[in-house]
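Encoded as structure tokens, here's the structure I'll be asking about.
Note that the chains take the letters A, B, C and D in the order they are written out, and that residue 1 is the start of every chain.
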């Protein structure tokens, strides 16, 4: 291959992440790029090691899906010294020096939370609404940002109130367990108006818990979450969920294009290539499910 | 001098039950409806049932873990084995195999994992923590290999019923945990297996010299641990109707070890009690559920957990026992 | 060569052979850059592993290491942001982590409870305190900090020996001296050999146990500093699971988890072996997430197996030193 | 000894109770400067407990201890060491993972610039051990050394530590005659310097050879103190047992060995770098003694026969059928039994009860599927507790809480319970009192009469003479001589052990 790209991926902690990896491979193949993926198993230290090793190997470009926003300056400095362009995927980093990377192809996780919140505010209207929130892993940046965005969106609506918020660690099992105790704590679930989950997996767990307690998610309870993985479309198609905000797994495609253009004639891409964060509703759910089910989610 | 926690139900069980009572009481304080029960569709609902139901996988893991720890070992791989067996079960369910075939396959895989661990420990003489660390790392990869990194979901009625149905008004996982616990307790106490396990755990050299077949006993012990992990894995998969190779059983090995220790079995091997390990698992789940019910922000979860564990340690420590004894006498 | 050094030499041989094999496939792995990276990238692990070596030698275990590393980073980031001088913050945090270790040691000794559980509680506690301080990841930004970062020695052909690599090497050397050349070190081995005997021989058990965990706390703090320098940030989810990597490194380095047998130098090689496995996998770059895990576990197995075989063979040849046939 | 001699150590009304036992009940004990004071009593009488209470291992429940007139209460052994009390506890309590030199100087190594001076430590260790006739590599891990060497190291360490008082709790078990002589010489040098020595042993000969006075305990109570000069053996034995010893212990009882085919028959059996090939036949009802110096390969011979180490040459036949014994389990299945020398690490399963320890070998042989019922194992245990007079408050007591001699008896019971046809005993009477000693010998003779084949390894030549019909002598890991018939006596055995290797004979 003419171009070798090293991709420091966070891991495969969720279906979405797996999809991002497999979409990246597909996109690389399309363009005849040799993609080396280093899986960091959720650890920043492994990502730094991977970047260092990519530099030592002399790859043509490095993609980095940073597990955390801080702490990249030094290693990116090294990449810069070695004149290897770096592209950030799905999240940006905290850095004074934005010359450390070529561009960032990301969605805005705060914005995602905001979109979810706005959807809820619009759907609920003026009535009082008790919201349960399933947070992501404590301390992880999507959890922090999706909470922040959502809080911003509902701040203007005093009738919307988060009454309980716990972490479900982004997993179905924990989502279900937390929802079970929420139901007990909120009077058998009769007063619950809406559930906001930081990702679809937790939401799917929550839907099961609600159904098992004899409640009707998607009908009596508004279910909104983020990611747009196939299974949530299935739930929407069955009327058990109401909305999901998309986070596209195709971050690598635009990144490859930017790198190829840069390598060819030095074209500087914009510093931030933002992907779309769009709300999907039950009406298109069945079609979306078919479109996505083989993407490796 | 050296002190061993008594492993017998008779007089030594008091600290464990006292701990459980204390944690339940604390739950009741932070959440007054904690003990409310409600019957719906022939099935009980309530926070206490949640504790039992959610605690079942850890309780089941703790069964096998108790035996392994009694041999002076430890099995770090149970979480990963759960993931593998869950993945196998889910993929087979998605391909519509019969429930019997699914269960047989999952249990066989679990037993195989256990045998591998046992082989490393008993035959190659690798230290248990490292021997099982290998499968802890590799196993999750194998599970992902089975699911190809995706969350495999299924609508297999039979498999869903494993965690989703109920018997005697109790969720099926609770029934499974109880039956397994009693069966295993019977297996080790009605045969000589329990004695041989304890004997190896206390002094493997002396036991071998006394003619005990330490290798086979160790192999059997790790295999039982693999089997219990398989059962827990199937329950976890059945519960969410899918296999999440990444997260199924993640860090559950620590909970299981904690359950065994809270149950009074010494990490230095020897005396053990299966039933008290079940109590230990309940203590841990009661603590977890209490945290969820309390409504405290999730940032506090770990601190609360740490403080509760520290309190349990203080209460159950031999030093505290001596102090109580002293106070009672004077 | 005494029998006690056997596992160490076995480990060393395995490491050298493995590196040679890797280099045969990827010649770039012979560069000084890769060698320097191996040290720099694993410096936090190496420093923590020195402390863990003492703990394991004494027959204990310390699961709080990873959380303490995270705590140190968050503490440094938060206090420096609040205006504390980095040097003062560093000294302060080292005192805190040392005291934290000492408290765990005291609990282990006086409550007569297994280290596994006490330090598990410590692991939850330290991480919990991180969350209380902040859940955000906070960059550390201060001229003094930058000055620390810029300390480095260039090696020809692109390698760079940084301050943190220096700290790791220093910690290892100090660890070697402490373990093998001080009375404290002998007490640690004594404790791991047989606690009751050690007590009967007059080893101050309480003092030594507390000192061991305090040392582990201090070195975890130092590892946290290294980690913070490495990333210039504090993050409450940093270094999760590092305790297991550390334990693995110590054990691969030839230390017995049952205590009493092992060396600090072996731990250093153990850390390097773990680093080598990772480097090799990244060099390869074709492995999916799951194959990465399987490969890491598989290589770990191969290393341990090789080491056992070597020790076994060497043990046999030692037998032969006894007058025979 | 002059009665006006100042009291070095004086214990008054010392009391110590454990749950279920009063191990010491108001015991008085004096030690004068420069005397050897023997502390005697049956197994479980409280000797070790007295010592541990004195040196701060246990906290006493009552009574007082004065050292040179000042009351002392050491909080731990380190404290006692600082006060000038050096102790060898009954079980060798050293650190197998440290080197010999480190063990000797743990906690008081010479230092240079604040760091341990390994070279000087080693030189000092070598010098120290030369005084005990031991010339070994002091850098070797102690665990690699034989039990006897460990014992000597423990003694050397304690002697070196004892500025005022030296306490020896059964130091001579598993030492050979030569070592004992060396030890006695050292003790005499110490007493000449005014150091007081408390000496616990079950060998009355040694008491009469070394001690100035003897104090006897029974069931935790003081029976009395005697000047050795004016006492005789029978008096002392009577004080210990509270009755006359019915049979003279060391009397040899001639057996009629059945002329049956051998139970065990080894031909050229050996293992490289372990034991040189040897031939051996043991017939039913026959007792074979194995004699030799320390490290001569006696334990190795036993371990080879019992499958702990596998032979790599030669052949073994049991009951006429060729067998390969690959593990202790296989050996036990053939009806073998083996009481190891190192009871703490290879014998007892400390946290299990006396009952379970006794039933263990039988249970292991039956397999896990056929458990001995609780009542069954209880009856078995009770039978042996009575037969061997094992002193325990309860069959359910963890065996590690028993006194040393009683642990030894329980181990013997473990194998007797399997009704073996070939039993190997490695230092079987280590730490067993005279009364029990006689019991055990009677019991074993009865078993031999019933056809048991026996192999006894012992450093006590008298003991070998008492048991054995035939004696195999080992030197440098090879079987050099077999003594039979009238040749089985102390003199001939000693001569055979001491004889220089005939050139070419043992190559």
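Some observations on this one:
One rule holds for everything that comes next: a contact is a pair of C-beta atoms (placed from the backbone, for glycine too) under 8 Å apart; a residue touches a chain by one contact, two chains touch by 3 or more.
Remember, predicted model here, so these are calculated numbers, not experimental data.
Greatest centre-to-centre distance from chain D is found for A, with centres as Cα means. Our note on geometry: chain B versus chain C, Cα centroid distance of 29 Å, whole angstroms.
Averaged C-alpha coordinates put the centre of chain A at 34 Å from the centre of chain C. Between the Cα centres of chain B and chain D there is a gap of 44 Å. Each chain gets one centre point, the mean of its Cα atoms, and the points for chain A and chain D are 71 Å apart. Each of the following residues of chain C touches two or more other chains: 131, 135, 196, 288-290, 292-293. The set of chain B residues touching two or more other chains comprises 1, 144, 149, 299, 301.
Looking at chain D, residues 57 sit in touch with two or more other chains.
Inter-chain contacts, as defined above, occur between A-B, A-C, B-C, B-D, C-D. Interface residues of chain D facing chain C in the complex, by the touch rule stated above, are 57, 76-78, 80-81, 87, 89, 93-99, 102-103, 106-107, 109, 111, 114-116, 118, 139-141, 144, 157, 272-274, 276, 476-477. Those residues of chain B that touch chain C in the shared complex are 1-3, 76, 124-127, 129-130, 133-145, 149, 245, 254, 257-258, 261, 266-268, 299-307, 309-310, 313-314, 316-320. Across the interface of their complex, chain B is touched by residues 57, 306, 308, 327-329, 331-333, 338, 340, 345-352, 356, 360-361, 363-372, 398, 414 of chain D. Every residue of chain B that touches chain D in the complex is listed here, in rising order: 1, 4, 190-193, 195-196, 198-199, 202-203, 205-213, 217, 270-271.
Taken together, the chain C residues at the contact with chain D in this complex read 2-4, 177, 180-183, 185-187, 189-190, 192-194, 196-204, 260-261, 319-320, 322-325.
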